[in-house]
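Presented sequentially are two complexes of chain A, the first with chain B as partner and the second with chain C.
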Partner chain A sequence: MSAQSLLAARRPVPGVYLALVLTVAIGWLVVMLRGGALFNQATMVSLLHVAAGLGLVAVGQTLVILGGSLDLSVAYVVSLSTLVAAETMNGSDTALVPGVLLALAVSAGIGLLNGLLIARFRINAFIATLGVGLLLKGYLDSNYDGPAGATSPSLVQSLGYQRIGPVPVSFLLLLVAAVAAGLALNRTRFGHHLLAVGGDAEVARLSGVRNQRVLVTAHVLCSLCAGLAGVYLAARLGSGAPRVGTEGIYDLESIAAVVIGGTALAGGRGGVAGTVGGVLLLASIDAIFNQLEVDSFAKQVVRGVIIIAAVAVYARRTIRKGRS
Partner chain B sequence: MTTGDTLLRRLPRVRAGGLLPILVILGVLLILVAIRQPGFLAPGSLMSFLGRSAPIILLAAGQYFVIVSGEFDLSVGSLVTAQVVIAARLIDGEPDRTWPVVALVIVSSAFVGLVNGVITTWLRVPSFITTLGMLLILVGAVYFWSDGSPKGELSEQFRRFGRRAFEDVPVFGRVPYALLVVLVLALLAIVLMRSDFGRTLVAVGDSPRAAELSGVRVARTRTIAFVLSGVAAGVAAILLGGYSGVSFQAGSGLEFSAITAVVLGGVALGGGRGAVLGAMLGALTLELLFALMNFSGVSGTVRPAVQGAIILLAVAVSAARSPSD
Partner chain C sequence: MLALRAVGKSFLGVRVLDGVDLDVAPGEVHAVVGENGAGKSTLMKIISGGYAPDEGSVVFAGETRTFRGPREARRAGIGIIHQEFTLLPDRTVAENVYLGHEPVRRGLVDRREMLARTSALLASMGAGPMPVDAPVGRLGIAQRQVVEIAKALALDARLLIMDEPTAALADHEVELLYALVRRLRDQGIGLLYVSHRLAEVFDLSERITVLKDGRRVTTVRTAQTTTDELVRHMVGRDLSGYYPGRAAPADVGPVLLTVRGGGNRKLHDVDLRLRAGEVVGVGGLQGSGRSALARALFGVAPFTTGQVDLDGKPVRVVSPRAAMRAGIAYVSEDRKGEGIVARQSVLDNALLAGRAIGGSWSGRSARTARMRDLLGAVDVRSAGVDQEIRFLSGGNQQKVVLARWLALGPRVMLFDEPTRGIDVGATSAIHDVVRRLARDGAAVLMISSDLPELLGMSDRIVVMREGRIAGELPAGASEADVVALAVGAVT
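After this line comes the complex of A and B, so read on.
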């Protein structure tokens, strides 16, 4: 790991966009041969909606992974956020802002807990966020059987369904979040410090970086992103959904999108642009499967294979680079 | 933080991975159960409880091999589900098919472990990604194969391993088959950990680099650990299928229970420290805790939260006590 971390801190926008273009081209061809159309308005809109939800989570996940950490609790944070938002709003537009703010505050609180457990108590990130995830699962399982609350109608209309041409507002929200995260990484002291901590925590500490504070901040931002995804999903679904996060496999899919986007799982290298590419790639595969009417369970098998294969490809590349 | 540190360091120093803490917790829980539900400790019901706990004890032992070598196996719960559903469909109520299917379940579980191990060690995919991916694949495949609802049924011969017992045994009351299975396999696991392989496994988890430099084949050792975890899940599937029947929920969440049990048993996550007996006692303690919660009228849905809290507490305590880091 230390040998890898001595490599260049950043790479150019990764080859994920090439993979995206190839996938879409092949998918388009296969769908067309079957007599369907991949590029009609409905497919594009649903593709971008899928990308918006996953993308928001993945942008946050990118930050913690760059810092050498990881967040497995995001799926439960997403579910919890939908419930907090929808139950606070309770179907009225006047409670829209408090609902959104409360959902984000609760999410940030969970991020703070994750960050403190990892940075201050030095618990392995995988275990800490797994433990926090299980705590949230216990809370959700024992308090909710099904959908609860009602999202403000105006939020449903705007964030949930409004779009400009084929581009949903939610996808624009993702782009804003991604650009903000990108600027934070490349233009601010926090970003430089985060990459330094992810590259080599000891070296960063010796150069005067406050590792704990940087990591905790990254975790708060990561959970905020997951909370934002929850608000979007509450707007999309019209109510809070206690299992929407786990059913969407947001934990594993967000990590997969980050890794496919060229960010090293060990931290220190990568960026948000690649992650958005990874998200678009996963969403396109999803759209192509839908067009081909692949059985949803078979789709899950293929997803599992793709995730493992993608990580394996990047792992091999890292080994080669590390040796050369 | 500093005061907490010194306080923890001042506690009597227990050897890392020692069995004392888990034995104390187990003892305390036994006393609490005895107060709340005195009948629970009668030989017959105690033996039934031990038999019921057999699957999770086996899964904890399997998970222990993987964790002590420095990896994780999150696929065991879905493997249990897959095997129970597959066994039911293949047997389809025919008694003659029992033994071939038992053999198939164990061999194919070992194969799943082998795939996990090979992907993790040779393709260098982090084990939590490999095994979470495997979880998706197994769950998806088994739903796909059975069109969304389990088909067929297990034969009585298959089910007896998990639900039958030697009745009217003097002193013990009754001895479930599952208990005998778990005792034999537990003994094998302890013997294995005392062999050269066991020492190698711990060395790999402690420091893969040092182990590699002293001539250990790290990849092969870790792969064997995954195979052992797979086999444990296969046997657990046979016992669980027998005890609770066929459903898509047969194994759900068991991977987290197994990890909780292992941590509770004093095994360090990240590898290199802890005993397999500790992991198995951890599983027993966890089951006893759930039984106590059940007697106290606590809903089963808070189980994940309890497991999460145990994992965080156990790891935080051990992190605070290890001076280095």
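After this line comes the complex of A and C, so read on.
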């Protein structure tokens, strides 16, 4: 069962999966001509691990973007969450549950702050989340120089490294999160209202939607997803890492994945299925270039081209739809 | 069932409503009329919870209510169809109808129930079959209006407010709406009906309230008043009910613009000539290619085949910019989407085209001064030329768009539904402007779904059908002639 058949429900399959298949096929061919193998166990596992971390953040990002908002603070939330989790656990299994819950609670609190700033105080989402992000950066920079705390060993073993065949548990977690988000979007009032707010906030308001509540909820969920990604990274690294979020460029990468997945940056149109495709596409490009061992400049160029091409394709489609 | 007492409202210190009383009985159609900017839409939004009144009270179903938002009003049984469309094109019909109030079962939206209820609702309204699970963006304008009404009724509305429901509809679609309104009235629903088309008001309503400058002028029984009296109340003076005189044969000059065999995705084999000094009306049904014709001439969606001559010389109008350079101007029917830049000031909007092509507009202050005069001449009512245009009433926005193009002194002027949603006073002012343009030597093309307007204004009428020109009628043709050509009836 593929991710798309689970998620796409009644929407057509986003074009990003076509791009994914093409990319993987070309990459496979190129790697093979060079005498390597793209699909051995090790490369698959590392690809899916990369996808899991970015994917969790991107699923949350999808929600706020669909609502016409944006979250630039996710990278710092990820870092903070690894630290809260690892320091609370402090290497013991007994503190595992409190550690995870506290990390998620702190993340949700930041989401609440983002949401209130944007929905209630009507601060532009770009500015509000950038500000909150810088606030967190300040806290992290002045209190940490390097890794801190220690993750519970059993969490490291399970979420960090365990897998079923070539599929890591963490990737399954991503799929669960994505399915849950897809369900929320298509089958709950919250989801319907979120898409309406993103489509046209005034229309939503006049229809009786409580815009503020909806936006705040979306931001809490987005930060929760970033917090979950932090817990996963803490399990992966064995400790809290104050710069893991920014080094992974989770803010811009997650937005890129959402856009490649066909969600309109202006909000109101798109979904999680596309985002998962976008994440897999970005992770595959990473994997292919790692195999080829070429410099990272070429990799960045290819990513840039793909993002721009994706947006261009979607833009053309909407123009055509709008004219017919 | 509804009673307003001394309702008042100000925006940014400007008094928009002042001491308005109004009441509606069950099963009554109560019409509200008034000039653009009189405060009709604002009053309707107050009743339906969109705005809070600054003073006065709203009594609904025997209770004094202060709705904290549209949600509460909708729950209480007040449905509204806004002047602007409030449907989300990307969402399905059912999702739009139940937006904000989706039926749920065990915490999840009950999609099946929602579809079933939407279908049932549409059926009870007597609407034709409609794809309730298809995105609204795929529906035509008339069907969208039906969906708007369904949305307003979805929560068992006992009072239904319609703010210019026919502004975007063609004549035969208006008939369907009439039937619907009567049906709802007979079910005991109270209706508030805002419209600029006085004929409609006389056809449908039991009583009429006239608003002027935010005050209630009078409330009269429809049976006991006349159009002239109403107009006098609205405008404050008598209006001759006549259209400005047509062009005399001697006034009609040489051919300015010729299209031969013009075609594109929506148009086929279009042959057309526009003469200086002449107003050519374009009739036809919605989707017959009328707007496509204007858009092709203005270079929005250019002709891909055929030839266009201006002054006998071939021109290639490949973009609006090229059209403007050639002296062609265009007032779109989609004011909100293509006419105005909502968040810019009245003045910026008016100067948009002039600034874009530069040219004769030399000094900054000179052009601003000229534009101020022009805005005054077309009688734009605003809190000042620096007010953001989105706060103006629809009619006043249209006048700003008009001023924008008049300032360029166009040789060929294309109007697409120029008086849609415009009050009687402003409509006759716009008719005068159109005629004056022709008299000053411009060639004018005017699309209109309003048959009396089309017949009254045109020196010649071109009727379109399925992307082709179905025929041409001289001045003095009848409504029946136009309709016959438009639907392709054999005469």
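Keep in mind that, in the parts below, the second predicted complex is superposed on the first by the 284 of 324 C-alpha atoms of A that agree within 3 Å, B and C clash if a C-alpha of one lies under 4 Å from a C-alpha of the other, contacts with A are read in each partner's own complex, and residues count from 1 in each chain.
To be clear about the criterion, contacts are C-beta pairs under 8 Å (C-beta built on N, C-alpha and C of every residue); 3 or more make two chains touch, one makes a residue touch a chain.
The structure displayed is predicted, hence computed values, not measured ones.
Within the superposed three-chain model, A:A196 lies in touch with chain C and out of touch with chain B [touch as defined at top]. Of the two partner chains placed by superposition, only chain C is touched by A:R205; chain B is not.
Once the two complexes are overlaid on the shared chain, A:R163 sits clear of chain B and of chain C alike.
In the superposed model, A:G268 makes contact with chain C only, not with chain B.
Of the two partner chains, neither chain B nor chain C is touched by A:R243. After overlaying the two complexes on the shared chain, residue contacts for A:T188 are found with chain C alone; chain B is out of touch. Within the superposed three-chain arrangement, the count of touched residues of chain A is higher for B, of the candidates chain B and chain C.
Using the contact criterion defined above for the overlaid structures, shared-chain residue A:R213 touches neither chain B nor chain C, since it reaches no partner. When the shared chain is aligned, chain B comes close enough to touch A:G133, but chain C does not. Residues of chain A that lie in the contact sets of both chain B and chain C are absent, per the superposition on chain A. On the chain A side of its complex with chain B, the touching residues are 117, 120-124, 126-128, 130-139, 141-142, 249, 252, 255-256, 259, 265, 295, 297-301, 303-305, 307-308, 311-312, 315-316, 318-319. Remark: chain B residues 1, 72, 119, 123-126, 128-130, 132-137, 139-141, 143-144, 148, 256, 259, 269-270, 299, 301-309, 311-312, 315-316, 319-320, 325 touch chain A in the complex. Residues 183, 186-189, 191-193, 195-196, 199-200, 203-210, 268-269, 321, 323 of chain A are the ones touching chain C in the complex.
Here chain C touches chain A in the complex through residues 50, 69-71, 74-75, 80, 82, 86-91, 95, 99-102, 104, 107-109, 111, 137, 151, 301, going by the rule given at the top.
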